[in-house]
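You will see two complexes here that share chain A, one where it goes with chain B and one where it goes with chain C.
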Partner chain A sequence: MNAFETVAPAGHAGRRRGWLVPALILLLVFAALPALLAGFDRGYFYQIANLALIFVLLSASMHLVTGVAGLLHLGHAAFYGVGAYTAALLTSKLGLGFTVTLPLSGLVAALVAFLVALPTMRLVSIYFAVATLAIGQMLYLVMLNWVDFTKGPNGIIVTRGFELFGFSLSGRIATYYTVAAVVTLSVVAISRLSHSYYGNALRSIREDDQCADAMGVRTVRLKMEAFTLSAFFAGVAGSLWAHMTGYISPGDFKFSESILILAMVVVGGLGSLPGAIIGALLLILLPEGLRGLGDFRNIMVGLVMFLSILLLPKGLLGEVSALRLVRRQLGAAWRHTGDGERKGEGIGWR
Partner chain B sequence: MKLRLLTLTTLAVAGIAGSAFAADTVKLGYQLPLTGDTAQYGQDFRKAAEIALTEFNAAGKPFKVEIVFEDSRSDAKEGTNIARKFVDDKEIVGVLGDFTSGVSMAAAQVYKEAGMPQLSQTASHPDYTKISKYQFRNIATQAQEGPYNAKWMASKGLKTVAVIAEQTDWGQSVVSGFSDAVKADGGKVVFSEFFNRGLKDYRSLISKLERAKPDAIYTGFFYEDGAQFLKQLHQLGVKTPVYSTSAAYSPKLIELAGEAAEGMHLTSNFLPTDPSPNVQHFVEEWKKRSDGAVPGQFPAQAYDAVRIMLAAVEKAQPNPTREKVRDALAQTKDFPGVTGKTSFSADREAEKELVKVEVKGGAFVPVKD
Partner chain C sequence: MFDPYYLQQLAIGLSLGMTYALMAIGFTLIFGVLNVVNFAHGEIYTLGAFAGLVLISATAPPIVAVILGALAIGALAGFSLERLAFKPFRRFTDEASLKSRAMRESTLLSSLAVSIVVREALEIVFGSQMRSIPFEYLINTPVRVGPVILVTGDFIIFGVAAAMLIGLQYLLTRTRVGLAIRAVSNNPLGAKYVGIDTDRTIITTFVVGSMMGAAAGILMGLYYGAVFPAMGFTPGIKAFVAMVMGGLSSIPGAVICALILGISESMATTFVSSGWSDMVAYGFLILTLIFFPNGLFGARRERV
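The block that comes next holds the complex of A and B.
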């Protein structure tokens, strides 16, 4: 899978195995897991599998911006929301089905991301993070307060489940396969994007954007592309969520969801796509698996996250330390004159 | 392969949890926020449910009831997960909760498909009970409370009203339910605005509102926001009378707002001072479990919701099924609860009797008009 390992190779040897690992994963997702689910035949397990897959896609899409390009993105859930609302509104107002809403959800989310990216993508470090925070909040407040259009806090009931050109895919297994297929295709696309010359150009922004600039990498344009692409996949995930639950409201896309997705990317390891996927699985499956602990389960989840940052600064499979990245980004905010190699980093835009 | 192992262990652990029960035990599910932003409500509901359940099981019935509590954190993801989990458990014949309408409605999509009766103590979204014949609620809707309050205010000669409410589905229904009734009674809504829950500074809202010179302010908030609003109103020296809904009816409102709460008018269908043995018993039990604190409106609704569900389970004996429990719930008529008599209408809405209350001398005092 890893065609190019440039900076700080992650601790797994993907290259030599070649096609074996992807084949095994495909076998797991499309044969072993559905067989297991069908064996148990419990809606709860299907639900969790689907939810975990949706968050794998969200985490993988954020990985592109935060992990590969190293930009702290605090508003990802808003694009997930834009996608979900696009799907819900197209279904409830125009009666369109999943086949149409899926690509449109991605495109609308990407379009919105592109528009908000225009004035903000020249920002760097902490200023970028604050801008994405603001974008996320703005979009959330639009969903919440534009009552005439989005129905505001009343939310929208999505009347149609999954389908393919009018053929219903609403059974348990069919739903699972639909989600799995969409997520797998998207993750493959993200994998191609992040393990390529293109991904390495993004990595160069993460490592040193000034240097990348000087080498002729068009950093602003690349950031914009990564941001827009990532929003596209978040929008796709939103469409999956809308059709799967049948009811969405702005509360599903608030700031805490952005932080949850960010935590998945960080726990898994910044810059590693398998890391982002495992991070998502961990943070969705762990709280469910720990239900038996009652009120303590959130403390346990918090503890796992805390320990993983403390003991594994690079996350499970990360290329760079989250702490290092954050320290550099936050530090830049008040380092005005700079010294030596970091000179001039305090400038908040480029 | 880490992934696969993890999935397998999670599945295995969850599988073992669904163990067998004796035939004379009936199981109910209760999904509610025990952690997170709204945990204070969920914790209260669990306490109320435990009181109701202990009494029921101690009453020497031929069967026992067990309630499975699951924490939804007021999160739609977790709410639907729990719903699937409850539906999977063949022994669960009825579900209570969730707290917020959003989570209740997301979970309701699952219950609708599975034919599981769902009774929420608080979900107030106008469309909640319209989802399917399995959704019930034990809360007076704003379609009922709004006109009641509008009449009350009209009878006091308050013609122009400013309306503010939190920006939630419930707040939306507060404003629409009330405004329509005010207009029908010949009054006028001169100002109407929503605020986001947890707002800290109401002063700009208050000055905007005062510019409209209303005779009274009608408010849709819960006690935390209500206390903040009342305090700031008091600080700014605004003397316009304030009216509110039963959602603000909590002893914590007076505790937090202090003298700023004086003179506020609101409706309620639960009075802890009501001398009827039913209410006094609940208040006593509640005090025992809460260091002497007095229960508010929501715990009382939860207590009644659980008892209505238990009564339905009893009526569905022998061998209660989800369908039988649903039918028994639908037949609920004049259930003698601590929040007055409750009946479900044909569209599964609770019909409640409302009481007028005023804050006087640091306490809620029922008033005639």
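The block that comes next holds the complex of A and C.
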């Protein structure tokens, strides 16, 4: 929800203004919104706010792998599910509390991602997308069919809400603050990751992985790390979801959820973290705002996605479009200053 | 000796595989021509099935007319899908954007978006519950062949699928339209230079591929007797798996792999519960991608 100051290769974008936007957003998330929610004091609004925050985290984690590293990931919801199931099973079978399940959920999701990534990360473009789709569906089938362990379609009731070292945080406001704190910290972490040299290495994979490989960027390893990290944050989101709703079932983690998360990243603009966050808020809050339309809500998700791809191919705040613009300018400059005979051919810039 | 039960499962598997093959051909044709994956293909299957259902409940025509009606709807759906989700992204025709990954992925996402809209629209119109096909249209009258009990549906599916495959083969190798399709899928730019109307060829490809998808949908609807808006998703994935296993651009490869998938899936239900049988397809997909990245029958490709 913050750290907008580090947007892309900002560098000279002004240190002076840098702290203002994040401070405002922190103020909004931790003071204005809770005050508003407490003012209305309806459980439903809290639910929506928490849901939106969780999807902000999911969208941000997808941003890391799809937006920054440019890998089309079609099975993200499955890792979200792995996190949620880890939290639920640890709570219901071993009686562990939120403070233990939160990191463990992330770690288990990351471990699963790492294991499935080992054989599949060498794939590129559409093959990668298909592999992630298959992995996501396999994990979903396990959640659905391994009835002894996951209780199958019946789902699991999570008995314990949020708590911190034995201190219960299961009131409405406390739940909201817990979710907001975890999501904010995670988003800051993702922001630091994606706006660093590390993030730039991932971007180089997105732009041209063969070229990056030739330059000495270890593409396979980086892809695997991005995939695992994003699964870690998805697992954290899953743990939040499990403790927040108190009940999870495989239906929450099916393919359409992966698509919803993907739509958030695409609508917001591939490669832009603020974009991913705005996309998540848009696609969660818009259907809620359109409740009057009843059944048409889900169509709206599809339509928003379609129109945004059609009219804003780079999304609301895409950084790719900015790169393209620079590239076109540079490409033109390069051509005009080229030696006379080869004018108009362009070298290197495609 | 052989248990007749296995032969029966084999027959079911073949019928299943044939419908996967029909869908996989649609995927393969479109991938060949445009080099993109059409994620809305599963919805074409659903639309075909619903077209049949509407036709049956409205006028109760003979079964041949039902299938023809589904084919017509499939053709229409393919045409509009191409216009809506694929045409707008071919604005740029220079070579760089033809090769650009971003362009390809945007059509992938736009077809995905169209598929969401179509599925949700069907849910609003018909409800998300299963709708059953009237009893007299079900193609499951038992037929005894030696020790095995088959149903008429097995024969009908096999017959229709075989007829469509032969028709496709004729279209692709003996007609000018087929020649154009093959030319565009071989080299879009070259085809354009020699004066082929690539735009029209792409539409034709979508229409042909979608007709096959819709035929698969109505046949499966009549076979199982149930039609519902989300029915296209699983066969769509399976057909996609078959296409990848077959090597993306090989039609015979896709058909053979679809049959393998169908048979292994129906055999798998003998050993594990039906819930797990979907695992077979995904397992095949992952194994193919890891060990035969070019597909089992595909030509060599530069990168996978």
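To be clear about the criterion, the second predicted complex is superposed on the first by the 301 of 350 C-alpha atoms of A that agree within 3 Å, B and C clash if a C-alpha of one lies under 4 Å from a C-alpha of the other, contacts with A are read in each partner's own complex, and residues count from 1 in each chain.
Note that a contact is a pair of C-beta atoms (placed from the backbone, for glycine too) under 8 Å apart; a residue touches a chain by one contact, two chains touch by 3 or more.
Treat the numbers as computed from the prediction; the structure is a model and nothing was measured.
With the C-alpha superposition on chain A as described, chain C and chain B clash in the combined arrangement. In the superposition on chain A, A:231 makes contact with neither chain B nor chain C. In the superposed model, A:144 makes contact with both chain B and chain C. Contact with both chain B and chain C is seen for A:298 once the two complexes are overlaid on the shared chain. Using the contact criterion defined above for the overlaid structures, shared-chain residue A:58 touches neither chain B nor chain C, since it reaches no partner. Shared-chain residue A:266: touches chain C; no touch with chain B. Clashing C-alpha atoms between chain C and chain B appear in just one of the listed stretches 19-27, 127-135, 181-189 or 289-297, and that stretch is 127-135. Overlap of the chain B and chain C interfaces on chain A: residues 144-145, 295, 298. Against chain B, the residues of chain A that register as touching in their complex are 28, 32-33, 36, 40, 42-48, 51, 144-145, 147, 152-155, 157, 245-249, 251-252, 277-278, 281-282, 285, 287-289, 291-292, 294-295, 297-298.
The touching residues of chain B, counted against chain A in their complex, run 2-4, 6-11, 13-15, 17, 34-36, 70-71, 73-78, 80-81, 84-85, 87-88, 100, 102, 105-106, 108-110, 114, 125-127, 131, 167-172, 194, 196.
Residue ranges on chain C touching chain A, taken from their complex, read 37, 85, 88-89, 96, 101-102, 104-106, 108-110, 112-117, 120-121, 123-124, 233, 237, 240-241, 244, 273, 275-276, 278-279, 282-283, 285-286, 289-290, 293, 303-304.
Listed in rising order, the residues of chain A touching chain C in the complex are 70, 72, 119-120, 123-127, 129-131, 133-135, 137-138, 141, 144-145, 210, 255-256, 259, 262-263, 266, 295-296, 298-299, 301-303, 305-306, 309-310, 313, 320, 350.
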